[in-house]
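Note that the chains are named A, B, C, D and E in the order they appear, and that numbering of residues resets to 1 at the start of each chain.
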Amino acid sequence: MTQWSGYLGLILQGALVTIELTLMGSVLALIMAFLAGMGRLSRYFVLRALATAYIEFFRGTSIFVQLFWVYFVLPLAGISLTPLQAGVLALGLNVGAYAAEVVRGAIQSVGREQYEACIALNLGRWQGMRHVILPQALLVMLPTFGNNAIELLKATSVVSLISLADLTFQAQVVRSQTGNTLMPFTTILIIYFVLALIISWGVRSLERRMARGLDGVRV
Amino acid sequence: MPAPIIKVDAISKSFGAFKVLDGLSMQVMPGEKLALIGPSGSGKTTILRILMTLEKIDGGHIQIDGEQLYHMERNGQLLAADERHLAKMRQKIGMVFQLFNLFPHKCVMDNVTLAPMLTKGVARAAAEKRAMELLEMVGMADKAKAMPAQLSGGQKQRVAIARALALSPKIMLFDEVTSALDPELVEEVLNVMRKLAAETDMTMLLVTHEMGFAHDFADRVLFFDRGRIVEEGKPDEIFRHPKQERTQGFLKKIIAAGHRV
Amino acid sequence: MPAPIIKVDAISKSFGAFKVLDGLSMQVMPGEKLALIGPSGSGKTTILRILMTLEKIDGGHIQIDGEQLYHMERNGQLLAADERHLAKMRQKIGMVFQLFNLFPHKCVMDNVTLAPMLTKGVARAAAEKRAMELLEMVGMADKAKAMPAQLSGGQKQRVAIARALALSPKIMLFDEVTSALDPELVEEVLNVMRKLAAETDMTMLLVTHEMGFAHDFADRVLFFDRGRIVEEGKPDEIFRHPKQERTQGFLKKIIAAGHRV
Amino acid sequence: MDWDWNFVWEIMPTLIQGVKITILATLLGSVLAAIVGLAIALARRSPNRAVSRSVGFLAEFIRGTPLLVQLYFIFYVLPDFGILLPPLVAGVIGLGLHYGTYTAEVYRAGIDNVPRGQWEAAKACNLSAGQTWSHIIIPQAIPPMIPALANYFIAMFKETPLLSAITVLELMNQAKSVANTYYRYIEPMTLVGAFFLVISLFSVVLLRWLEHRYGKIER
Amino acid sequence: DDSKLEQLKAQGFARVAIANEPPYTAVAADGKVSGAAPDVAREIFKRLGVGDIVASISEYGAMIPGLQAGRFDVVTAGLFMKPERCAAVAYSEPVLCDAEAMLVKKGNPKGFKSYEDVAKDSSATIGAPGGGTEEKLALNAGVPRDRVIVVPDGQSGLKMLQDGRIDAYSLPVLSINDLVKKANDPNLEVIAPVQGAPVYCDGAAFKKGDEALRDAYDVELAKLKKSGEFAKIIEPYGFSAAAAMSTTRDKLCAAK
């Protein structure tokens, strides 16, 4: 038991790695989501095709395959990444592909009449997007982004398979070193759940702040 | 006699296999107030949307203020208009929608100032001053800081009118601007429009089912049916002595439907 | 004088902190045709929904056909009604909604026969025979096999009326049954209702903004405002010589809003 | 980075063994998830607060924590409590429970999306609660759910590689085993990726069709 | 050329891959990595002028691909020398030697003595680390693929045996002993050594092309062995220094 409490420190280190992965992965995912999501709505065929290929590829092949590819195959092509970089890259690109569809859907969910109002007011495409469509779409995206972030948090557990010392991995280590299975797994389940709660709480309060006075926006 | 400000020449428009406008022609004089009436689906909204460049046309020509709308002359050739030409032409036209289409995430003031600031580079202070005058005119000055969601339908529509006016268009298009309002709120919007008709020399095209208002408001009434203008004339002629059978039938139905107390 | 078929006694109803009905009382005689008019939000829909048991009341009593609606007498005590009592009472009442609420996954015929077959155990053949008569009456017999999505709004509403009639209720409630329809389609529904009023001795309560129709249809008009009945009387009295200021104001606005040609 | 076609043909039969298990796990997992989801959705509607609250919390917990850790838990911890499951069964239960919490949301949305007017019309027609459910609500709620359910089953399919962590010899595990035997990662990992991509692109088509066929109810 | 060594010196540490398998490797409660293999590596690198090692725990199967992909500079994990592996990586001279063992239920109910015995019993399953020596020994002895269960780590293998999911779990002797000691379960029995299985030795495994670094490593390793410090490091963990010193890389890599 005393030994176990000592190993708790190890698990907390893992939690730090998990949080780091989740944060950095989310940032990458967010960037990719907007690039690809708006790319899919572009007037230019090439951009649309690129965005579609990215989205379908990363949603189509499993995150595991992507992770192993980034970790083991990319270096053979001369691109070597640290496990953390590999993890962030695979997670960010994967979740980014899902979130891109959220961005696209949210932009499209802004009614056609809003686009028409922009035309009637002679706003340019980008002006309308920037000042009218995106601010409304953002509010629609937010809750789903929250879910995406939780999916990303959960997906970080698979990086343990490429030896990145995240929460799940440290639980495995502790288990090997102490011979106790129940404790480490129960502990990390609770930690994951608390982290997920923090994300959804954060997104909800962000949503509340943004939604002030906007009863009309949500569909 | 001055040149017409709108000249529609044999335009046609189909949605898929369905022909909505069929070789439609019409002319509107500067300052004229026109009412477009007719049964549902006859193409009234479509012609307004075409003038606002919200729909493309399949054939024909439109001239606004002497310039081609959907075409541009380059080296003596008529080319399809590009986005820049359309943007230039749109400066002459404003539109008010049935469902207001206010920007829900911006307050009343920002709704009105957004377009002048972005499209004409008007400074914020100047834009707000002008917006205040317009809001004053539509009786919404005290709600300048309110969000659209806090307004009643009639108030929203008045803001939408102010917003369209802020770009000082020469032509204003109104598509059933009161039909989404509760009966009690209709009057406040119609009052604004009466004032507008009386005080400005803007050209106005109005689609409406409010026959009483059309009668008082319009210099000329066009009766649409199946994508064509079946009959046109002074309000009194059309409403009291329609010549065409379709017009008579339509007016009878509207009256029978209880649109009087 | 016969006993009233509906007796509403000092009922009140709040949504949250907002009091919609405030000690409302009214009586309706068997066979009477009643029109409920009044400004938006005055509680007209709410009282119909309460009679149909779609909303609960906070206080007061309602008797239908001599029996308590929301209470049941057991051993001399008044208890809150249970689901069985409510189901029994609902047999006396039918309702037609503003948005029709047809069952979209069932054809017209099945919409009409479903309830008699399920709730009264009527055999299919008998249910279909009766349904056909009703569809005949509302002029929809030829669409018996159509799905609701294939019908126009006016046709949907006529089916909804037939569906409500299929249970042979003693009381029919109509909540703005034409206000979701295109103007041209209103008349066909009103015609069905005129026929119904003339041919049956059903008790009917009608909420409407069609003042012309209310005038022709009703034996008595109730004017609602803020959850109370402000004025009531024969249609001619109410529409031509309203006594209350609120009523006068309301009618003036409605007229000004252009509801006449 | 050299690609060896001979090697590809050599390992193909082994990988196909894995494909079979992957598909089997997905099918069984989907059936279980469909049932678990319905149970959760109904339990959450229960008028009994204790039932609806605790089921709700449990579902949130399962949804907020990684499937990988849940699998470890089912496979390694449950035996301590006398529940010893074969790897595939443990995997299917993990998938079914985890995705059941997602399908529960689909059921809930499907039921909530039946307009209130339908409940009221049923009442005005004097139908009983049972009749309302069976004749009015369920027939309208089910068809729009089908695409959303299919979507989750496809997502589940892409998560089956997790079962390799509890010794199920599915596709990913076979590929790893091949890679460990020959010290070559490129071919097996790429083949796994290609396999998932093909199935996903195929399922996109299927989904479009399902959406077209069942997505909307005409009113 | 010495560029790799210079590079390690410059960055001040070497990246080593280790397994999650005491006593070859051990992770203390404070997260510090020890165990026989990393301790030897740390000492040698120190002597080479590389201040420290940074260890990352890896599955056996992932070690060689990771090395090839440049994820680590060296594997020090009880990755036993075998001809195929010698072809894939550059080994140092032997470091840790151990025989193979099997963990079974008390009384050895199925009577296993060798991997062939497992092959013969058509209902028997054996657990082994994926990509590890034991997996290959079992497969080579004729145990069909579906009866060789790939187990991610020792603790999982122990648990699966206790739960009756596998009939035997095979690891090197010392690893099994360590597991049994921690488990403290009287219902287990160790079969060591497994008959017919050779004694294997591991070495530090370098990437092909890093032979210069490997040679420098060998020089320091030889000094260490000679001075007796080698024995001082590994014998507390239960390994025999004499065994490692009595054989050579060339012999082990040639063995069939």
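Going forward, contacts are C-beta pairs under 8 Å (C-beta built on N, C-alpha and C of every residue); 3 or more make two chains touch, one makes a residue touch a chain.
For reference, the UniProt names are A = Ectoine/hydroxyectoine ABC transporter permease EhuC; B, C = Ectoine/hydroxyectoine ABC transporter ATP-binding protein; D = Ectoine/hydroxyectoine ABC transporter permease EhuD.
Computed from a predicted structure; not experimentally measured.
Path length between chain A and chain E in the touching-chain graph (shortest route): 1.
When each chain is reduced to the average of its Cα atoms, C sits farthest from chain A. This structure's chain pair with the greatest number of C-beta contacts is A-D. Chain E has its Cα centroid 39 Å from the Cα centroid of chain D.
Chain B and chain D have CA centres that are 52 Å apart. Per-chain Cα centroids separate chain B from chain E by 82 Å.
Work out the mean CA point of chain A and of chain B, and you get 45 Å between them. Shared contact sites, meaning residues of chain E that touch two or more other chains, fall at 65, 68-69, 152, 159. Among the residues of chain D, those touching two or more other chains are numbered 76, 165, 185. Working note: touching chain pairs come out as A-B, A-D, A-E, B-C, C-D, D-E. Chain contact summary for the complex, chain C toward chain D: residues 52-54, 83, 87, 90-91, 93-95, 97, 99, 101-105, 114-115, 118-119, 147-149, 163-164, 167. Looking at the complex, you find that chain E touches chain D at residues 60-61, 64-65, 68-69, 84-85, 88, 130-131, 135-136, 145-146, 149-152, 156, 159-160, 162-165.
Chain C meets chain B in the complex at residues 39-40, 182-184, 186-187, 190, 209-213, 215, 239, 250-251, 253-261. For chain D in complex with chain A, the residues that touch the partner chain are 1, 61, 63-70, 72-73, 76-77, 80, 158-162, 165, 172, 185-186, 189-190, 192-193, 196-197, 200-201, 204.
Against chain E, in their complex, chain A makes its touches with residues 3, 6-7, 9-10, 13, 71-76, 80, 83, 161-163, 165, 169, 172-173, 175-179, 181.
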